[in-house]
Amino acid sequence: PRKFYSANHDEIMAGYTTDIYFVKTRDLLKENGSLDVPVVAEIFSKEAGVFAGLPEVLSLLKDKGVKVYALEEGMSFSPKEVVCRIHGPYGAFGMYETVILGFLASSSGWATAARECVKAANGKPVLCFGARHVHPAVAPVMERVALVAGGCTGASCILGAKLAGAEPQGTIPHAAVLIIGDTVKTAILYDSVLPEQESRIILVDTFKDEAEESLLVARALRKKLDGVRLDTPGERGGVSPSLVQEVRWRLDMEGFSHVRIVASGGLNPEKIRLLSQAGADIFGVGSYIAHATPRDMTMDLKVIDGTPIAKRGRLPGIEENPRLKRFL
Amino acid sequence: PRKFYSANHDEIMAGYTTDIYFVKTRDLLKENGSLDVPVVAEIFSKEAGVFAGLPEVLSLLKDKGVKVYALEEGMSFSPKEVVCRIHGPYGAFGMYETVILGFLASSSGWATAARECVKAANGKPVLCFGARHVHPAVAPVMERVALVAGGCTGASCILGAKLAGAEPQGTIPHAAVLIIGDTVKTAILYDSVLPEQESRIILVDTFKDEAEESLLVARALRKKLDGVRLDTPGERGGVSPSLVQEVRWRLDMEGFSHVRIVASGGLNPEKIRLLSQAGADIFGVGSYIAHATPRDMTMDLKVIDGTPIAKRGRLPGIEENPRLKRFL
Amino acid sequence: PRKFYSANHDEIMAGYTTDIYFVKTRDLLKENGSLDVPVVAEIFSKEAGVFAGLPEVLSLLKDKGVKVYALEEGMSFSPKEVVCRIHGPYGAFGMYETVILGFLASSSGWATAARECVKAANGKPVLCFGARHVHPAVAPVMERVALVAGGCTGASCILGAKLAGAEPQGTIPHAAVLIIGDTVKTAILYDSVLPEQESRIILVDTFKDEAEESLLVARALRKKLDGVRLDTPGERGGVSPSLVQEVRWRLDMEGFSHVRIVASGGLNPEKIRLLSQAGADIFGVGSYIAHATPRDMTMDLKVIDGTPIAKRGRLPGIEENPRLKRFL
Amino acid sequence: PRKFYSANHDEIMAGYTTDIYFVKTRDLLKENGSLDVPVVAEIFSKEAGVFAGLPEVLSLLKDKGVKVYALEEGMSFSPKEVVCRIHGPYGAFGMYETVILGFLASSSGWATAARECVKAANGKPVLCFGARHVHPAVAPVMERVALVAGGCTGASCILGAKLAGAEPQGTIPHAAVLIIGDTVKTAILYDSVLPEQESRIILVDTFKDEAEESLLVARALRKKLDGVRLDTPGERGGVSPSLVQEVRWRLDMEGFSHVRIVASGGLNPEKIRLLSQAGADIFGVGSYIAHATPRDMTMDLKVIDGTPIAKRGRLPGIEENPRLKRFL
Amino acid sequence: PRKFYSANHDEIMAGYTTDIYFVKTRDLLKENGSLDVPVVAEIFSKEAGVFAGLPEVLSLLKDKGVKVYALEEGMSFSPKEVVCRIHGPYGAFGMYETVILGFLASSSGWATAARECVKAANGKPVLCFGARHVHPAVAPVMERVALVAGGCTGASCILGAKLAGAEPQGTIPHAAVLIIGDTVKTAILYDSVLPEQESRIILVDTFKDEAEESLLVARALRKKLDGVRLDTPGERGGVSPSLVQEVRWRLDMEGFSHVRIVASGGLNPEKIRLLSQAGADIFGVGSYIAHATPRDMTMDLKVIDGTPIAKRGRLPGIEENPRLKRFL
Amino acid sequence: PRKFYSANHDEIMAGYTTDIYFVKTRDLLKENGSLDVPVVAEIFSKEAGVFAGLPEVLSLLKDKGVKVYALEEGMSFSPKEVVCRIHGPYGAFGMYETVILGFLASSSGWATAARECVKAANGKPVLCFGARHVHPAVAPVMERVALVAGGCTGASCILGAKLAGAEPQGTIPHAAVLIIGDTVKTAILYDSVLPEQESRIILVDTFKDEAEESLLVARALRKKLDGVRLDTPGERGGVSPSLVQEVRWRLDMEGFSHVRIVASGGLNPEKIRLLSQAGADIFGVGSYIAHATPRDMTMDLKVIDGTPIAKRGRLPGIEENPRLKRFL
């Protein structure tokens, strides 16, 4: 019996996740003798964004006998700009329209949101903590693309980070602190089991006020403490600029200037900007990236058997775009 | 080499899509001797919605030695209502927090949006056409849940429909009409190859004005035509109530009252309401369901080793909810 | 019996369209022996605009023994700027206050709106198609002033155009196409009956999609076709920039670059700007000009028998304005 | 030489105020042999309103050999409701499309606005003082329709009132008071020259505060004074509820309860409601009626030679409306 | 040398705080022989509110030979309702116009705001803590009126409470906790020095999270603890409903259901409503009462020497109000 | 028996207007032996403003054995800027926290509002007429600070002006004109009794229109008239730019260019700007200054016995501010 409802790689490859009408189309065109007519298809989005998802499209189309031109992974695109063009017999790729657009829409949505956060942080590290917001089948897709195309510095999802060629990053969750029963005790234990080269960053909002707990932890680990993570829940006002400023001030006052402040919890580009000004050093972003609206992609046939054509509402024939590069 | 970046079922099961800090937590608690302390965890969302994703959670936790109470798939929940409660040794399920929340957040988001459309259609069929908006690994998850928990009547994604125990539905795409070169010719060919019991629904906005093309197709297929699909692009004003009303009027005037009108293209609950009043019979919904914001879920430890507890900002101890039912 | 309710020229001249209280005033002042006291009256508007209607005022006051200073027809005026000053015995013109203000308010309102459209078109022709929005008695007043004071290039109202010294312009209405039953057939017939020097501009939204019909017409008339008129009804989304762009593209693709695009239907300055950028060449404007709010005019007595005076709320005496010129 | 630019009745009748393209259409259809094909045309407005202008349409079409069905003058209509239907040979009336729509649009706009004021006054008299806002050729059209279709009680335009079968109403303007130099003196003179049966209503804001002047005039004319007119300029705060209330109070205090208060100056339905509550008895309305946006009318051919037809965007064939009545 | 700039009682009585022009008026009228003409003056406010300040007005006018009618202290009044009427020789009280209006405007403003809070609390106690927002000379005026006319239960200002016949209420400030250095230690000490019959209410947001500190204090004082005061600063999100709910839950869980929750810090009627629903028992209000906009009062002479009169804009003569009662 | 509820100077000095909890604190700390621990307290406001009230604070703390640093009276401060710092034994000043903050909050609020008006007047005189809006005990505090810290030119409150070292200013109230019964007669009488060196400014809106009355008064006093005061009530539209402009024009026309225009009645900075452009010369401001929201002040202990400390939400230790100056 099937464990989960997500499609495995071989199911995607076999076309099981496409829309049924592309299968019907194949039958129809076969009957009509035009299944393998040479066509040119172009893909664009109505909104601007950051282009991503291409490697999966190329994996899908490799050895299908088509030529593929596209922007490079991570390039920005304008509204209605052609981001990908496919030349080949319709039968060779037409059935995958749904799949190709799905790869690009999802990944470009996440990459665009990640890029906005990275720009707001203006050089300070941004970590992607979005895995809990999406189905686990795509969590690694999202976290990988946030790093590779969006510019994030790290990701907490194990497989996502690995696919991006990085080590997964993170601290310890509230659960650990609650079970051990005391933040300082948890910090000391954490320090004792963690490999020496890894960062000691402690979550400080489980039991006590963040300013108090930051100092208690800093006094316990001293030079070995790399950072404290503020993740104040909405029920306590969230992480605010004045909280960051106060924690910074109190740490500095006791000589803990080396301790960095990691902020997380409902961050978005605007909050990142404000918290950065208030003194935060690292930003953990979840929902803003994970909830990104997909960048809807449209694929239009623009040339059929050498003739420029298009459905009503679109411009027939190829729309030149010198930024495209040949990949297949 | 890996074809796609999505996680296969065995990778999810093995914990590769969880956040790294849950792995660190396991090590820490093992060191501390408290990995298998008995705990009670509760899950809630800050926003109201329709609960979905439970079957995947149960697949994951089966044989893990935990008890699971939850709402039933498809039930509505209130803000902050406990939707799921897990009793068991922390080590048995703690590592899967990310995965469990991801299953529920994604599916509940999609189910909630689908339910809104179904309510707006007030008894008329709603079809889920959202596959092209999401990564193909989760397209079947979404389309299945739109039917099973959201109440949609059909889905176009092959695997999605099958998992919901339904036949995938759809017509033919613009590509087929463009290659064959004429909507009427396409309709006749489609009629000749389609198994007799399947519906003949023809897309009528590729080349000509929808009202004109609807009549041409109806005159060609006559009694055999089941419906026409209006999918007018934004460049031509989208599908509007006045267009639906006119197509209905013109079809009726020539005796084609049996031909149903399928509307699609950027529909949402409000548009469904207006188009239904204007005479549309069936609704194809893509982005409104696929773009649904995940219903963010939070898991809190509420009892540890028999003692009520909670992190700052939450209420310690179990919050009774008589609507929960035991599943494991 | 009277055919229509509008006033003929002799009725206006005879004072039948003035407010009754000016007649009573005449009787009163006669009784008082002050009917022919010398006065100075000034006219202004609270809002800025384009001054128009002066020739009708001058026709009315000619041979009445008054001096008239005014801005020139078509000049812009500022809020509260004196636009006209009349010196003379009160009895010579006082009774016409209503009539004078009515001439100026109406024409200045239309001229102001026309000027805004002309500015938005930035050198491309603007045609006034507003006759159907107003009573036929004033349609020629409006269309004439739109050309003469507002700067429009042409008008469709026969008398209006003639009064402006222009040839009336227009294509053929939907009615002709509907009766002939086919746009292409109509175009060919139109071409055959129209004098050679007149423009062949064909309305292309009666039966089919505009892009399709534009090409059919262009293929039929080829070099003889001067333009196509897009007048898409609101029920089909109106004339949008993307429609203009597509029609342009498709015409060019088949070598019909010489065919100009005329846009009409609910245009206003903002839409003119957008459609012009998208490639439209000529603009037909109806309601924006015809619905223009009259520029309300106020006439104040400012000097009576040599003494500066004014009612409460106004400044007694002449307010100098060097831009005024003597006309009578 | 022509005195004014407005069209006289014979010019309208001769078709000089129609759009040129209807003339071209006549030539075209004559050539095509279909000028006198029997057609049915329907007229509607997109917005709701009060129907007016019909008598002029009937004057135009009388003896043209057409049947005319319409709402009655003064009836309310709904958005898109058919308000007029014409049966006959196209050649008999097609050329007048512009003229017919112009009659109806203008008059229905004014009637709608007048009706709103009359409703707001809730039984108290409303006088139309709008002549100075429009070209004198249409001032009588507007004032007549405000009475006959809109429900106003009186009009100041001499010809307008006469056409409505009423006596023109009004007081005396600021000019008379300014020339005579004193409001009380003007009132006494006015009383002495006015026929006994006419109302003595005196304008009280020319020189002094309205409350002061009202008392001065009332003390002078006593029982013979019928009313005072408050017409405070915007520069003094306009006519406000508190002003009306105070004038009422001061008049009553000195025993002048029989003196009615006439309010004018920028009134609209909302202000009428407030001033009526404060004690105003009669309302003079100018710009709100005169500036009314025309109710745009559309004429569609719906049947040609017995066949239901319509241009794209409209419903072919007759749309039944049992409220229509046959007039020709 | 003068210590402060506020006026002492004898200075007020001597007229030193009145506007200079009332002094000049006295001289002028004396010269004119009309200083002691009998007049009637009426006082009203444009806005609705709660009437207060009367006792001070009566103290001022006692033995001045005037009759005073007024609403009773604490009654609500409507916009423009006469709230006070004075009969007497102008010279006996005219000079005090400024002073009389000042007494009433200030106190009615404070009483109105206090009443709104009391209504929002719906029976639960409201304490006035506003002294620090106003000059100390008027702090007792405000706190007294908040109790006597507004309905507050207690006040913290010593003199204010005494004047209202109550005991001043309050806990201990942050300063005490900071100096003693620990909230629990402070609580114990406080308990030991406080007379037995007084309430033990402890401020719990100085050093630690409020939920944590509440439990620590409750465990220390147990049955003797009457309440905890939440006064969370804006820098920590203020006092929110979820904080109140959590503190209540945690106190109850440990058996401290008798401990009441006092909320303070930027409260207004809307926040009081929300916090009350969340479980707060007592409300401390400062700025909402202290910042209340004065209810501007106007005094008009309405009768002079038996003749009704009023300045422009007001109604001459007495306006009857049966709610007034004679006080002097 | 007590005449009024305001506190006299000796009551303030004795601490009767402080909050009761500071008295309890004193007892507590005495018990604890820490009443006279050396501390540093800092005062700030969350909003920007103009600093005022310092002289009263210094009067209070003189001879108390504390050091006081502060901004100078009348300096602007930024949000959260330290405006005052007190060093000394807690017992020496802690009890006065309420009083100190009250002095500063009230006076800084008034000073800030006055300064805004003065800036808007851009060099023309601004007079403070606010006494009637506040309790007479603080009227002199407000009017004094409006001059000394806010920059106003004059004040009407007798004691307020004196404390600022100025002569109280004002004209005559409506009451005087009403009793004398005529504005011109009042003006002549006023001129005859007023010392020669004082300004003759006459209030001109009691009985007649302002423009009329201004001329009547000017013709009566001629060269001796210094100004007219426009104070039009809201019931007559208030003082508007067009009224000012007209009065100026009419005065100039009759040669009264030396007569200045004083505007009053609901002025605020924006209205001052507009009236000044229209020609007003002097501005009387009441409610805008008197209703100013107090600038809330917070006092925090920042150092106790040499150790930097602060409550949660604040930064421990002294925050340097080089703008502070030592006063005690």
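Read from first to last, the chains carry the letters A, B, C, D, E and F; within each, the first residue is number 1.
Quick note on the criterion: contacts are C-beta pairs under 8 Å (C-beta built on N, C-alpha and C of every residue); 3 or more make two chains touch, one makes a residue touch a chain.
If you're wondering where the values come from, they're calculated on a predicted model, not measured in any experiment.
Which chains contact both chain A and chain F?
Per touch definition, common to chain A and chain F: C, E.
At the place where copies chain A and chain E touch, is the share of residue numbers found on both sides over half (same) or under half (different)?
Over half of the interface numbering overlaps between copies: same.
Need the most distant chain from chain C, centre defined as the mean of C-alpha atoms.
Relative to chain C, the chain with the farthest C-alpha centre is E.
Just give me the whole-number Å value for how far the CA centre of chain E lies from that of chain F.
Computed value for the inter-centroid distance: 21 Å.
How many angstrom lie between the centres of chain D and chain F, each centre taken as the mean Cα position?
56
Please work out the Cα centroid separation of chain A and chain D, and write it as a whole number of Å.
The answer is 64 Å.
Two or more other chains in contact with one residue: find those residues in chain E.
As it turns out, chain E has residues touching two or more other chains at 207-209, 212, 234-236, 242, 246, 312-314.
Quick one: do these chains touch in a line, a ring, a star, all-to-all (complete), or other?
other
Kindly provide every pair of chains that touch.
Once each pair is checked, the touching ones are A-B, A-C, A-E, A-F, B-C, B-D, B-E, C-D, C-F, D-E, D-F, E-F.
What part of chain B is in contact with chain D in the complex they form?
Chain B reaches chain D through residues 209, 211-212, 242, 245-246, 249-250, 253.
Report the residues of chain B in contact with chain E in the complex, numbered from low to high.
Against chain E, chain B makes touches at 308, 312-317.
Would you tell me which residues of chain B are touching chain A in their complex?
The contact residues of chain B facing chain A are 2-9, 11-13, 15-25, 27-29, 31-32, 34, 37, 39, 46, 55-56, 59-60, 90, 94, 97-99, 101-103, 105-107, 129, 131-141, 144-145, 156-161, 163, 168-180, 186, 189-190, 192-194, 205-208, 232-236, 287, 290-291, 293-294, 296-297, 300-301, 304, 309-314.
Under the stated contact criterion, what part of chain A meets chain E in this complex?
207-209, 212, 232, 234-238, 240, 242-243, 246
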